[in-house]
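In what comes next, subunit A is part of two complexes: it sits with subunit B in the first one and with subunit C in the second one.
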Partner chain A sequence: MPTRANWIPYALIAPSVVFLGALFIVPLVQTIWLSFSSDDGTLLGNYARMAGDLNFSVAIRNTFMLTLVVVPLQVALAIGMALMISKVGKGRDLILWVFTIPLGISDLAAGLAWLAILQNSGYLNSALYGLGLIQGQTGWLSQETPVTLFIGIVLAEVWRATAIVLVIVIAGLQLIPKEFSEAAEIFGAKPWTRFCKITLPLLKPSLQSALILRTVLAFEVFAVVYALGGTNFPVLAGEAYNWQNINQNYGVAAAYAVLIMAISIAATVFYLRVLRVRPEQLP
Partner chain B sequence: MADIVIDRVSKHFGDFHALQEVSLNVGDGEFVALLGPSGCGKTTLLRIIAGLETQSSGRIVIGGRDVSALSPRERGLAMVFQNYAVFPHMTVFENVAFGLRMKKVPDAEVKRQVERAAALLHIEPYLDRYPAKLSGGQRQRVAVARALAVQPAVLLMDEPLSNLDALLRLEMRTELKAVLREAGTTTIYVTHDQTEAMGLADRIAVMYGGKIDQIDTPLSVYAAPTTRFVGGFIGNPPMNFIKVKAESGTVRIGPVSFVAPAGGLDLDLGLRGEDAHLSGDGSGLPFDVRVVEPMGSHLLLTGSIEGQAARIVAPPTATVRAGERVGLTVDPSRLTWIDTSTGRALARPQDSTR
Partner chain C sequence: MKQDMLRTAAIAVAMIGGLSAARAQETVFYSTQLRPIEEATKVRDVLLKGIAGKVTYVVDEPPAFAVRMKAETQAGKRTVSVVGALHGELQPHVPDDLQPVDDLAAKVASLGIPENLMTLGKLGTDKQQYIPWMQATYIMVANKQALPFLPQGADVNALTYDQLLQWGKTIAEKTGQRRLGFPAGPTGLLPRFFQGYFYPSFTGGVVTPFKSADAEKGWETMKALWAVSNPNSTNYNFMNEPLLAGEVWVAWDHVARVKDALDAQPDQFVTFPAPAGPKGRGYMPVVAGLAIPKDAPNRAGAVAVIEHLTKPEVQVQTAAEVGFFPVVKAELPTNLRPGVKLLANAVAATQGAKDAVVSLLPVGLGAKGGEFNKVYNDTFQRIVLRNEPVKTVLEDQAKVLDGLMKQTNAPCWSPDKASQGACPVN
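Here is the complex of A and B:
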């Protein structure tokens, strides 16, 4: 006979279930419902309109390209930064604090900060002009310079959101006792081998969390892109915004939202499978 | 040749001195046990030899090569960690094979070596498992097997058998000794189990408070401790110390007098419980018995000599009762004299009869 009442755990999670239900599940179901109820009465009308739109394939391509460039870059940078920080003795907290400042800045503010740097009359041009490297104002973010626009957005995104990966990776590194690396070194492993054979595998659970978080957010990227590229660089979330607010077509906007969600879920499932850590392999 | 010279190595953490000018020479193929109480700096010394910790001063020379500035990898040794450090994400086989893999040994040879080491430590049934599914003692044996598999010239072991049951520990101890002797491995073996140190080592280095108090063969460390600490730390029961005063070259305890050693006036007389014998007729050192414990192989008598607590080992057949006063005869050549003020042993007087 169980001595503890069985209902207590359920009672304790009930508030959060209610909260989630009211603020997440209901709007989600409504959005899905909305995306499948088109003006022309067909089930997939909104999706057909979305796919037929001129910007659709560009937005898909841009979003994926951004994600594929930004997320690996952020993870690699974060691992490098975390490994360096873990070697620092004094001043470590200060360095970590500086590295994480961008986390406190909203994405639109971050986008505007980078706009101030990269726009025609921005700091970058002033500096380059001062150094005599350019003759006059040069556009970096225009339709004619898609490569520098892309690089600018990547820079801003990396600056803005690498710290969240860094924090997760540092927490993960701290969970790995230093003896593992030491033992590997005693038995002849060089630094790179130690990183690949010991640190990286033991960091897998943290990397999985960081990758899921960052990838999902990367597919939803909007404010930074909007600030820097405006309509020159369509992305999925931006298209949803346009259909909702400029075209006033809530159905197609909902279709975009559902598409983003589907991509995010697919990415999450992918990471969960590929980076699966069997419980018996945990330290 | 892989002898180890530890030359005046000191280590401090902040203003805490973990090691103070420790010097120790270990010959090629020799087995030296580092014995000492918890926190005396054994692990710290071992980690400095391995290169995992940097000494504050002093040198480490292995096989004639000053390795003080080399990384652990370049020192060419193997180590068993006190907390095992068995890789959780690799099977037992891959753990044991790790050192060989790093040396790019061909697969067939890896398999042979791993199986040899695994057989020695009785872990063959677990080769396919992950360490998380092993008991503490099994994991510890994986760590030892990993070190043995590379057939190192120098092997450092930090309490490698601490987690095994008494029977298995005894068996592993004997096998380790045989294997290491056969391979001619230079070994430094950390333990705080004195019977282990006695049984395994060619020489024992007794550490206390960041210093090595005595380095000698097990027999000498037992019979002729050079400090009060060593006498009290080694032996079961530990050495008895009786405070006495030397007066005109003589020490008197009850009716018995001994030639006092040259040196101090305030002395601790060190007497091993096994070195005292019941005199039968009540002559000799007066010993007031308080408790009699039959241990099977012997009787353990707890009581006092001249009001100072002492433990004496008597034959199992002796008829001694609590509350009785008995006489003890002792061989003066087996006594240890400690200068109370320094805690160090004084040379035994040459002519010890009076």
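Here is the complex of A and C:
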């Protein structure tokens, strides 16, 4: 019955299309509209205020720095962890489960957990004091210690979000047939060569998804930074939040939101082009 | 972003509205104040007792409050009958979301609410927009361990900014730790320090002398104060915690934000008024008001709530239970909790100071209150944290401030000299 089969797929995806349309496309269009309607009546008034703000360049710099440090670190760690797990026989599920615990924790909770470690009266200082390495409370997250603040945020982000990359990479590894590696081994390829010539190229589709997902999320980073850095480490999403809630100027907040979206789209397009996978290269 | 939030909220409100239609006679009391669960319970179980009819006390964060008020107006479906919020939080809702309460103003006239508070309640219009509910202010709290380091001859109850600076320096030298503290975190109330304390004390105004020579001198003092303040100050939202942890020994904050520390260890702390500068001892009263939204479903219930909460005996109870002070004429009992007593003493000392310069809350800024705060915050960020030249920053920010004043056409408020039209920035 071909006539019946024709509409069934559409009917089945209709609810999700309606859902996305109502709760994603409509607000998106409204946000873009809002960002272009400013108090002074000019088209780019909100964008001008955003760009002229004292925190704008700092927020751009911080967001990019964080993304450039955190994402490669996470991908490298995730590949390493995934390769180790793939060699484990017994207890593999337990290890995987432990590795992915941070996935189940909300951003803000993760930030607060790290705050409990790194703040003045936190566990790190207690441990260092106990070991006799510091004389008294030492600040790691203050405005006067930007380097340790940055390292703290990187640590928290790596801890929190490496697992999502790991899950994608593990799924990708499982798709690679064992025969390729075994054949290479017979021809005398060393482990490093096998990794570079077989595993990595065949992992490209998974890495592409993981990179897109992680990079987009990294540009939206907010809760962890907010918990650890507060106003000491402005990032783009945090500035959007401040303009919306503290300064109560919804237009400039919308401009920030649109900017974050533009950067995310640019990053996605970049990955799609650079990591393009031809069908014949798929495992 | 605003509109989609409003839209979502409107849908949620419409659904809740449908559910509550059956309970038409209840009065929904929606408040941004007394939010913590212990305080909200006190409101429900103690302060609202004795009102005929059912009152449901609902609390929300200020940004959510603003969104819900606007959403209910847009949806044309009001569920809230009476709101309680700070002066500054009610201001953006005039005239769209609130109805005048001149009838209530007449009813509470005999209670002795000071004239200036009633005027604030008009929010720059010629009608009463809210009835003052309770008041608070900001005070200084010091750990008793800090007292031996007070400069010679200084009296904590009549401290000057120079003495505070000297005090902070001595503490830093003698203990090796910078132990003054300011609530300069993301939701800390530092902008109010500049508007209500720092500027009036150093310049005798808030807006007009923004970039004056007096202001420049003041900012130099602020930089020096910061140099002896705990560097974690930019993470502090409430001074409770650093005071209790001993990280900070001398702090300035809103009474509600130091109350827990004083309640927990009343013997460990002393309270006193904020310091005085060359132009006097600036201080800013905080006023929360009760208002009735437009098209309130149960106006009679709302009136009953407001009349009840402004009764002198309920006002005294409010002070005893939650540490906000009466707006009506009422004597506080002598058997207050030790923590509340510490607060009350500092508030009384502040109000009674001979050199007090009262700074009122901004009126007439409408929805620009947030950006007004931002001017002071940005000035602080640039001068103190980023070490930019004082004069240049003040020139820049004065332009922003001037623009805000012209845009909103807000006239000067005390302690600035009254103005015709927008408050000038000289």
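Going forward, the second predicted complex is superposed on the first by the 278 of 283 C-alpha atoms of A that agree within 3 Å, B and C clash if a C-alpha of one lies under 4 Å from a C-alpha of the other, contacts with A are read in each partner's own complex, and residues count from 1 in each chain.
Going forward, a contact is a pair of C-beta atoms (placed from the backbone, for glycine too) under 8 Å apart; a residue touches a chain by one contact, two chains touch by 3 or more.
The model shown is predicted, which means the values in this text are computed figures rather than measured ones.
Overlaying the two complexes via subunit A leaves subunit B and subunit C side by side, clear of any clash. Contacts of A:E280 after superposition on the shared chain: subunit B is touched, whereas subunit C is not.
Once the two complexes are overlaid on the shared chain, A:L202 sits against subunit B while remaining clear of subunit C. By the touch criterion stated above, A:P177 is placed in contact with subunit B alone, subunit C being left untouched.
Rounded to the nearest 10, the superposed model shows the Cα centres of subunit B and subunit C diverging by 160 degrees about the centre of subunit A. The wider contact with subunit A, measured as residues touched, comes from C rather than the other of subunit B and subunit C.
After overlaying the two complexes on the shared chain, residue contacts for A:P146 are found with neither subunit B nor subunit C. Of the two partner chains placed by superposition, only subunit B is touched by A:I186; subunit C is not. Touch criterion met: A:Y226 reaches subunit C, while subunit B stays clear of it. Closest C-alpha contact of subunit B with subunit C, superposed model: 45 Å.
In the superposition on the C-alpha atoms of chain A, no part of subunit A is touched by subunit B in one complex and by subunit C in the other. Within the complex formed with subunit B, the subunit A residues making contact are 177, 179-180, 182-190, 193, 198, 201-202, 278-283. Those residues of subunit B that touch subunit A in the complex are listed here as 50, 52, 71-73, 77-79, 81, 83, 85, 87-89, 98-99, 102-103, 129-130, 132-133, 146, 150. Subunit A meets subunit C in the complex at residues 26-27, 30-31, 33-34, 39, 54, 119-121, 136-137, 139, 141-145, 226, 230-232, 240, 242, 244-251, 253-254, 257. The touching residues of subunit C, when paired with subunit A in their complex, are 1-4, 7, 63, 66, 92, 176-177, 184-187, 231-232, 234-235, 245, 247, 367, 369-371, 373-374, 378, 381-382, 385-386, 407.
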